[in-house]
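In the two complexes below, subunit A is the common chain; its partner is subunit B in one and subunit C in the other.
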Partner chain A sequence: MSKWISNTISYVILVIAAVLTLAPIGWAALTSFKERTDILVLKPLLVFQPTLRNYIVLFANEPPYYLWHVRVANSLFVCLITVAVCLLMSSLAAYSFSRFDFWGSKSLPPFILSFRMIPPVCFLLPWYLIFLDLHLLDNPLSLILVYSIFTIPFDTWMLRGFFLAIPRDLDEAALTEGYSRLEILFKIVFPLAKSGIMITTIFSFIFIFYEFMYAVVLTKLNWMTAPVALSRFLSAYATEWGPMMAATMTITIPLVIIMIVLRKHVITGLTLGAVK
Partner chain B sequence: MAPASIVLFGLCIVPLGISIWSSLLNYSLITGPDGLAIPTNYQIFLTTPYFWNPTMLVTAVFTISAVTIEFALGFLLAVLTSREMRGVNFFKSVFIVPIFMMPLAVGILWRYLYQPSYGIINALLFSLGWTGELPRWNAAPSTALLSILIADIWQWTGFMFIILLAGFNTVPKESMESARIDGASESRILRRIVIPYIMPIISIAVFLRLIDAYREFDKVFILTGGGPGNITETLSYHVYLQMFRFFDVGVASAISIFALLLIYQVALRLIAVLK
Partner chain C sequence: MARVLLENLTKAFGKLVAVNNVNLEVRDKEFVTLLGPSGCGKTTTLRMIAGLERPDSGNIYIGDTLVNELTPADRDIAMTFQSFALYPHKTVYENLAFPLKKSKMSAGDLDKRVKEVAGMLRITHLMHSKPTTLSGGEKQRLALGRAIVRRPKVFLLDEPLTNLDARLRADMRAELKKLQKELGQTAILTTPDELEAMTMADRIAVIEQGELLQFDAPETLYGHPGDLSVASLLGRPPMNLIECTLEEEGKRSFLDAGAFKRDVSDIQDLVKAHATTSDLILGIRPSDIFLRKERISVDDIQSEVLALEPMDEETVVDLRVGDHLLKATVSRASSIDVGEKLWMTYDGRKAHLFDKKTRQTIS
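Coming up: the complex of A and B.
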């Protein structure tokens, strides 16, 4: 088969796949700019009168399920704290796993990773009951605690892989010069593993931000996170597709842009994390 | 090292313990624990036919189909974008976009697309000449699971794609070059050189995706709510129902412990096979 033919076939397949991938998002974006009357039509409109109403309405204080900016802020708050705390603890653990040889250094990492295999539902009940008794429902602390359980294994696993890639000789050299282990970690290893740390941070942030099951169970009106707020747009009476698509866009677009820009780092990060 | 382990074990062992303990009791969310469950909750759900079909069946079908199809498509796309053609970088960026959307948002998005009356999928089918009744996607028993599957494939194929792509990049160019010089066809190179080389990466990708598909909750919650009836109740969703709709904490705990043991066993077997 000539190169030209196989190339053309490849392009055709790729283009079809790309269209299938992007079309739903594009349609959602279009919808976010439509008035409700333009959305609920039998024949979908491509030409319509665009409006920003859906976006404006998100921030309004009316029907209690808007206040979108507050929900996003809640999510961000929980995410940032969890990610920061977990990163700190995981880097300590990951550093130990990558440098020291102790009884668990080979067998513990897979064991820790196995925590990620647990269906979240398993812990849903106990945690709900615990927080119910502690009156910690609808409190960010509960979310932070629970998300840490799933984030620490992931972070440790990823960071360990990245730290392993940094030669130990640097550590040795620094030790002879009188650095303490902690100093080595923060002043030498961190800067070298920067892209790995960045990837880990981004991924753990995304996983926590998108988490739904625990958020919907552990929060009420005050600390509702973004995903839960999004689900509440689907009420039994009237589904407000416009604002819902607008809300989705506000969350998705920034992240997608970041991902596209950082694509090279993402690939590296996934391989390294995966292969180890 | 110590702080992380302490936190982990503390945060994990305690709820696990509570889970196991409550799975042995008659425990209603409303009235509280009520004493040892006789017959045990495990017996209750293991002997309920409705647990095996649909719940376990649906979970198995969904997990296996999702992983297989995502792998096949991801592999195809990875192969296509590894060729030396112009513009492949654009496609690479495109395919990973859905991964970074909120699974819930993806569910909502597809629910919107699946709408029988004003959803765009049916509109497209209609304009392409579909005769007869348009499929009702997430509302119809025959297509409900399919609709969740499509949404999942749409979102996660890119995950397989990018891991496989990274794997392809690690294959040493010299092996492939010498094979090409020897006259091997592209497909032979693929089968004999590339695939064995990236087998560990393939197994990681499949493993990760398998675990996540097994735990899928968000899409089921939004797209079908386990319905119509209960035919798309995956394991995760079923536990959620037991706990928060039927208020039976005992059975819910029992099922979740069962789910945990099951995936643990499957994972161990899989690792043994793939290593």
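Coming up: the complex of A and C.
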């Protein structure tokens, strides 16, 4: 009897939490399909005539020239390059940390991780000035550099944990069979650490893609990223809620879909990291 | 020519000396076992031969080549690990093929070789399965297959049977031995189990705490152990060790073991030459002890049966002789009761005498 009650209570709590979490997103989704007249009403409207106008306006080549596709492309460009470069560098470091015994093999990883723990805002002004001098403002390179500095420690730490879970015996067997360390990394360790790599990639991608502070400081009009462009919807004159919600949907929903599709790996990756 | 020569091999991990000045030569096509308890340095030695650990000093030769500086890949060796080290994300076929991808074999030859090895080890029916679905014995054979498939100069096997259950171990012992003879390859195996060593090896290297104690054929090690450790290592039940002191009375010498004395005048010169002290240990194997209900000779010793341990073909009899507790083995057919008082004698020619301090054999 008590099992039945505790289960019900659990489900009730979970449903409430889910509703509270998803409600704003659901409301944003609804808003993105509403005409402006339906949005600017006193009482919230649940039944309305849906339209795709908000989405079309984002990509159209007419006023107000949102050029949303350009912004998303900018974000993706910076994101993918940073994630790829960081992953490569971090996996090399993580492999060394997890396999070899050298001075610093135990002390360096936490030290490296500590860089990630520094509030990013500390470096905002110094780096702005440096990039100003280097003429790297409104240049994707500055963003890539900054994001890499924060992503590599995180990636290294996570990947090291996942690599440690793979027995060294496999490496040694491959060594006796004539494989180099690099080949072992790509052919044996990577396939076996797939979940870990996936979750690390997703986490760093999320961090970089939705990053606002450095993006707004280090870019101007040409290389504006999606989060910055999103903030500009909220103008002093008239906030176009419809297009803004549509824009939000375009950068949120794909990620949600990916997470749902890869949920098995995500759970493996998260729990494996927890046991460490 | 695939002999392995170890010259003054030493390795230490920090303060712990794992391998201490080991000199060993394994002949071509020989099956050598490194026998010793856990942590004695046998695995470290094997790994140094493989190239997975670097020796601090000493030389390793495979064939006639000095291999100290060569990577494991260049040494033409194959190794199996205690944990089998099978690639879990590859099928059995791919596991066997993986080592060959590094050689310059054509695809057709590779396929042929893989199938050949799989057939030899009776795992052809599992070609498309993943290692996690295999039984212990099948995993073991796959690990062996991966080593065999390259036809290396030397096989190195690190405690290959430790992870198998007892029944499987017995079967695999015979199979490993047969395989090695069939392939005609030099093999070095490590094990803590003396039964494994005795049944499989052409010669056994007994290692304790990094030192090579003795390196001989199994029969030699059993019959003529050079050391107390070697003597007590081999044989089940283990050799009885009785402490005694050497006493001289005039021209004769006796071994005084408390409950009995033994005249050793005939070898007293030998004993005096080798012994550093008069505290000696007499070693008698349980199978060399005879029990009788009546006293037949003056040398017979009074003993009392404390317990009986029936085994497969023999019974182990726990005896109390004075202050000593000994074990003797008798055939199952004998009728002995607990508490019975029997007369014990032993075959003096087969007994061993050890110096208590240096633990070296005297005779």
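Here, the second predicted complex is superposed on the first by the 267 of 276 C-alpha atoms of A that agree within 3 Å, B and C clash if a C-alpha of one lies under 4 Å from a C-alpha of the other, contacts with A are read in each partner's own complex, and residues count from 1 in each chain.
As a working rule, a contact is a pair of C-beta atoms (placed from the backbone, for glycine too) under 8 Å apart; a residue touches a chain by one contact, two chains touch by 3 or more.
Worth saying up front: this structure is predicted, and the values here are computed from it rather than measured.
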item	value
Three-chain arrangement built on subunit A, subunit B and subunit C clash or fit	fit
Subunit B, subunit C and vertex subunit A (Cα centres) - angle in steps of 10°	100
Which of subunit B and subunit C A:Ala18 touches, first, second, both or neither	first
Subunit B versus subunit C as contact partner of A:Ser32, first or second or both or neither	neither
Partner touching more residues of subunit A, whether subunit B or subunit C	B
Contacts of A:Pro153 with subunit B and subunit C, given as first, second, both or neither	first
First, second, both or neither for A:Phe212, with subunit B first and subunit C second	first
Touching partner for A:Ser204 - first (subunit B), second (subunit C), both, neither	neither
Touched partner set for A:Thr176, first subunit B, second subunit C, both or neither	second
Touched partner set for A:Pro191, first subunit B, second subunit C, both or neither	second
Partner chain(s) touched by A:Thr82 [first = subunit B, second = subunit C, both, neither]	neither
Overlay on chain A, subunit C to subunit B nearest C-alpha distance, Å	21
Residues of subunit A at both interfaces, subunit B in one complex, subunit C in the other	none
Contact set on subunit A toward subunit B in their complex	7, 10-11, 13-14, 17-18, 20-22, 24-25, 27-28, 31, 39-44, 89-90, 92-93, 95-97, 100, 108, 112, 114-130, 145, 148-149, 152-153, 156, 206, 209-210, 212-213, 217, 226-227, 230-231, 233-234, 241, 244-245, 248, 251-252, 255-256, 259-260, 263, 266-268, 270-271, 274-275
In the complex, subunit C residues that touch subunit A	50-52, 71-73, 77-79, 81, 83-85, 87-89, 98-99, 102-103, 146, 150
Subunit A residues touching subunit C - in the complex, by the definition given at the top	167, 169-170, 172-179, 188, 191-192
Residues of subunit B touching subunit A in the complex	1, 3-5, 7-8, 11-12, 14-19, 22, 73, 76-77, 80-81, 83, 85, 88, 91-105, 108-113, 117-118, 120, 123, 154, 158, 162-163, 165-167, 169-170, 200-201, 204-205, 208, 211, 214-215, 217-218, 221-222, 235-236, 239-240, 243-244, 249, 252-253, 256-257, 259-260, 263-264, 267
